[in-house]
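So, here come the structures, one by one.
Each of the next two complexes has subunit A plus one more chain, namely subunit B in the first and subunit C in the second.
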Partner chain A sequence: MNLLVAPFADNEFMRLALVASVLVALTCAVAGTWVVLRGLAFVGDALAHGVLPGIATALLLGVSGLVGAAAGALVMMAGVGLVTRRLRLAGDTAIGLLFVSMLALGVVITSRSESFTGDLTRILFGELLGATRGKIGVQAAALAAVTATAVTCRRPFLMLSVDEGLARSAGFSARLFHALMLAMVAVSVVTGFQTVGTMLVLGMLVAPPATGALFARRAGTMTAIAAACGAASCWLGLLLSYHLDVAAGASIVLVSTGIFAVAAVAKEVARAGRHDDELPHAHGTVHLP
Partner chain B sequence: MSAAGTIVASQLAVGHGHRAVVRGIDLDVPAGGLLVLIGTNGSGKSTLLKTLAGLLAPIDGGVTVLGRAPGDDPRRTAYLPQHPVSSHTLPLRAADVVAMGRYARRGLLRPLRQDDRDAVADAMRRTGADATADRAVRDLSGGQQQRTHLAQVLAWGAEVLLLDEPTAGLDLNGRATVARIIDEERARGATVVLATHELADAERASTVVLLAQRVVSCGPPSEALRDEHLRECYGFTQPH
Partner chain C sequence: MRRVTRTVRPITRLALPFLVLALVSCAGPGSTPPTPAEPSAPAGQDEPRPTIVVTYSVLGRLVADLVGGDAEVLVIIPDGSDPHDYQPSARDMEAMTGADLLVVNGLGFEAHLDDAINAAADAGTPVFAVSEHVTVRDAVGAHDEGHDDDSGHGDDAGDPHLWLSPATMLEALPALADAVAAAIGTGIDPSELGAQLDALDADIARKFAALDRCELVTGHDELGYFADRYGCEVIGAVIPSMSTSADASAKQLAELKAVIAEHGATTVFTSLGTPQEVAAQIARETGADVVELGTHVLGGSGTYAAFIRSIADDILDALR
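After this line comes the complex of A and B, so read on.
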């Protein structure tokens, strides 16, 4: 028991890391529910990488990385919309083009920094064990904003996830609510990068909600399962990181994808068991005509 | 244009983007009327329905639904697409999918009330979807899914119903159910627009539009479905 609690009881940096990462997990559970239901994982990935040049520029200029990340996310979202509409390219092609361009631009800008490797690693993989009360406050505000948006827009979000035409015929603007959905993803990425990094925040956006989708029949239940899985991943991941001396953010994401894998296998086994029970048994003789 | 018509169109051109599929559509459908759109594949039936639903902008001409631009009052117009989506990521219950038909009425935040729940239950009973109310729509047969989507449209409680091939995938009982529902909706004063390939449906209409990427004929069934029009549209006529 001591192994599970003592690292947090004895170390303030571990307590702060736990609070910060759980807030990221809850934010990502709410936004990620719609990432999974609307099929936006690639957009989420692109946003996570698209913020890199913004953060790198901000760091070079001595401005907050958060401001740079927000600017990068805005450029990315506007760029995807523009390329899709004007060039009539498929959405994933437009996203792919911008994604690699922004990633390469971020690396180029970062390479102008004197501490290139350290900066890039910090941006990509976060600084979870360096969580501060200020960062926790920003993350709590992000959670509140994302949750308020998801609760307010749950009906159009659900309809958009089923069929865009259905949402529009019910009077909900597909463009507005899709943009709000993307904004939730962007807020999760922009605020989460400080904790788990731009590479790993996508794992928190996708893995816990995907676990929720295995068992839920409603979006709210899916979010609740995702939140529980995400919070458990933070606790277990931080313990692994502490005891095995490995990277904290990556440990959390590995645990969350591991929970998904175990849940998916358990569900398949249960389904196979039910199917066997439903097969007709040879109770009698079959009479062929 | 007549001010009395529920659906009024004058020299309407419908299509996708700037490309017109059909031009020169004139309509004046009264409340309680049944407008049947019939014609060859790709003739423009679904495009016209989507335009009346406000999902496609008219390319040219004028059109009003309940005196307003299409799509302006989503509470009063319900639309059943030709291929409603049933392959949901979540195993959404049929009853929950039908309940979405009340969202236009309740908007973003107003909670569903007892009368909404009654409307959902009534719609599911009328289409026979109540038998599968608790099952996941994605696990239902094609016909059961269609009954669920039709129930969603009925739960809307709209004054105009736009139905794109609602009998697709339905058995004989299902087809009879759809015919009965259309009669019931008209009896309560709703206007129904039906895209179909069934001549029997067209013969029950108040107005028929025969389409083949143009308006071949338009009028009461006895006029619109004359042999020369059917021959012009399909290249042959129905055996009498």
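After this line comes the complex of A and C, so read on.
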């Protein structure tokens, strides 16, 4: 028991890192549920890397990285929308285009500037062990905003995830709610980057909700499972970093993907045992209320 | 459909200034050529002076101190950029291959320049690696003793932070002067600079000898040569690695806290590339102060000697 609790009791940096990362995990569990249900993982990935030039520019100008990341996310989402509509290219082509150009722009800015003090590694992988109360406050606000959006827009989000036509026939604007969904993802990425880094926030956005999708038949249950898995990953990941002397942010993401793998195997084993009495249902299928 | 499209368009307009801003701030510093190490260098001479290209600013300053006005000294890695992380541009490559002499640190310090340095050497540019002319320190820091088996700590290549001890740079001075003389065709006398560095070394040694004890907690493992020379001991680092690129682990930080408490250290010396918030948190938990050292940044230092003196003074001020 001492091995599991003492590192946090003895070190304030461990407690701050735990609180900050759990808040990221909860935010990502809420937004990530819709990432998985609506198939937005690639957009999430693109956003996570697309914010890089914004962060780099902000640090150069001496502005908060948060502002830069938000600007980067905005450019990314607007750019994807523009290319998709105007040039009639498939969504993933547009995302791919914007993704690589924003990432390359970020690398160009960080590598050529003479006054760049925050280096690329720390933007990509975060500074989890240097979590501050200020960051925790921002992350708590993000969690509140994302949760409020998800609760308010639950019905249109569900319909959108099943079929856009269904949402439209119920009187919801597919484009508006799609944009809101993307905004939730963007908020999670933009606030999460300063804690776990842009690269690893994607792991939190996909792995715990994917684990939830294995078992849940309702979006709410899926979010709850994702939140539990995400929070457990933070705690276990930090313990791994403490006991095994490995990087903290990456440990958390590895634990969360590890939990998914174990859960997926467990589920397959269980299903193989009772394949006669029940038809398998598709992963991630959600029943409308 | 059409109506909805129109409502989204203003977002694009809002975003455009940010994109332009991003592009402009990238174009500004990006188009900067390798910087001259001597701000006072006479421009537009009738006969072009020979060119010595140096990888980073502090070493560039030393070379400029040595050659005076006999050659133009250009620096590849902009001062203030992390040399452990710097990626060369095509223009940097041109400067390196076209140089009369290329002076590098070596020991993997200019990690991402190694291929470019090799390419320049293959193209016929004479390359002078300072690390080949000094006594290289073992890369394992004092605090690593006892668990050398930890992967990533011990690096067989040796500690690259040579420039932080003037005595180490003195060792390389005669060979450097010979290489410069051979490259630019003018005799170079290192004795004046040598005497200056000698006096500096003696002065710093005298000041540090007056300290009761000198135990240093640093950003990464950068002060080894300095500590060895002036009777100090590096007891821990925020990132216990020769490079700033490594990531901190919770275990290392907990150990660092224990070391700081055990030794009663009062200062955490950070530098370029140190994760500032991690260092600040460790300082808060141990009651230590954070002092930023310009170990990798020349800044406004007029000479190499002034650069070393300011680092030594900052350490002395914190430890007294």
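In this section, the second predicted complex is superposed on the first by the 269 of 289 C-alpha atoms of A that agree within 3 Å, B and C clash if a C-alpha of one lies under 4 Å from a C-alpha of the other, contacts with A are read in each partner's own complex, and residues count from 1 in each chain.
We adopt the following convention: a residue touches a chain if its C-beta (ideal position, glycine included) is under 8 Å from a C-beta of that chain, and two chains touch if they have at least 3 such contacts.
Values in this document were obtained by computation on a predicted structure and should not be read as measured data.
Subunit B and subunit C, once both complexes are superposed via subunit A, fit side by side. Counted by residues of subunit A touched, the larger count belongs to C, out of subunit B and subunit C.
Legend: residue contacts after superposition of the two complexes on their common chain; A:187 is shown touching neither subunit B nor subunit C. In the overlay built on the shared chain, the residue A:222 is in contact with subunit B alone; subunit C does not reach it.
In the superposition on chain A, A:59 contacts neither subunit B nor subunit C.
In the superposition on chain A, contact is made by A:108 with subunit C only, not with subunit B. When the shared chain is aligned, subunit C comes close enough to touch A:10, but subunit B does not.
With both structures placed on the common chain, the touch criterion links A:153 to subunit B but leaves subunit C unconnected. Fitting both structures onto chain A leaves subunit B and subunit C with a minimum C-alpha separation of 8 Å. The touching residues of subunit C, when paired with subunit A in their complex, are 4-5, 8, 11-12, 14-15, 18-19, 21-23, 25-26, 29-30, 32, 78-82, 85-87, 89, 150, 244-245, 247-254, 257, 272-273, 275-282, 284-285. Considering their complex, residues 7, 10-14, 16-17, 53-54, 57, 60-61, 71-72, 74-75, 77-79, 81-82, 85, 105, 107-109, 111-117, 119-122, 125, 127, 129-132, 173, 175-176, 179, 238, 241-250 of subunit A touch subunit C.
Of all the residues in subunit B, the ones that touch subunit A in their complex are 50, 53-55, 71, 74-75, 77-79, 81, 84-85, 88-93, 96-97, 100, 103-104, 106-109, 136. Of all residues in subunit A, those touching subunit B in their complex are 36-37, 39, 152-153, 155-156, 158-159, 161-163, 165-166, 168-172, 213, 216-219, 222.
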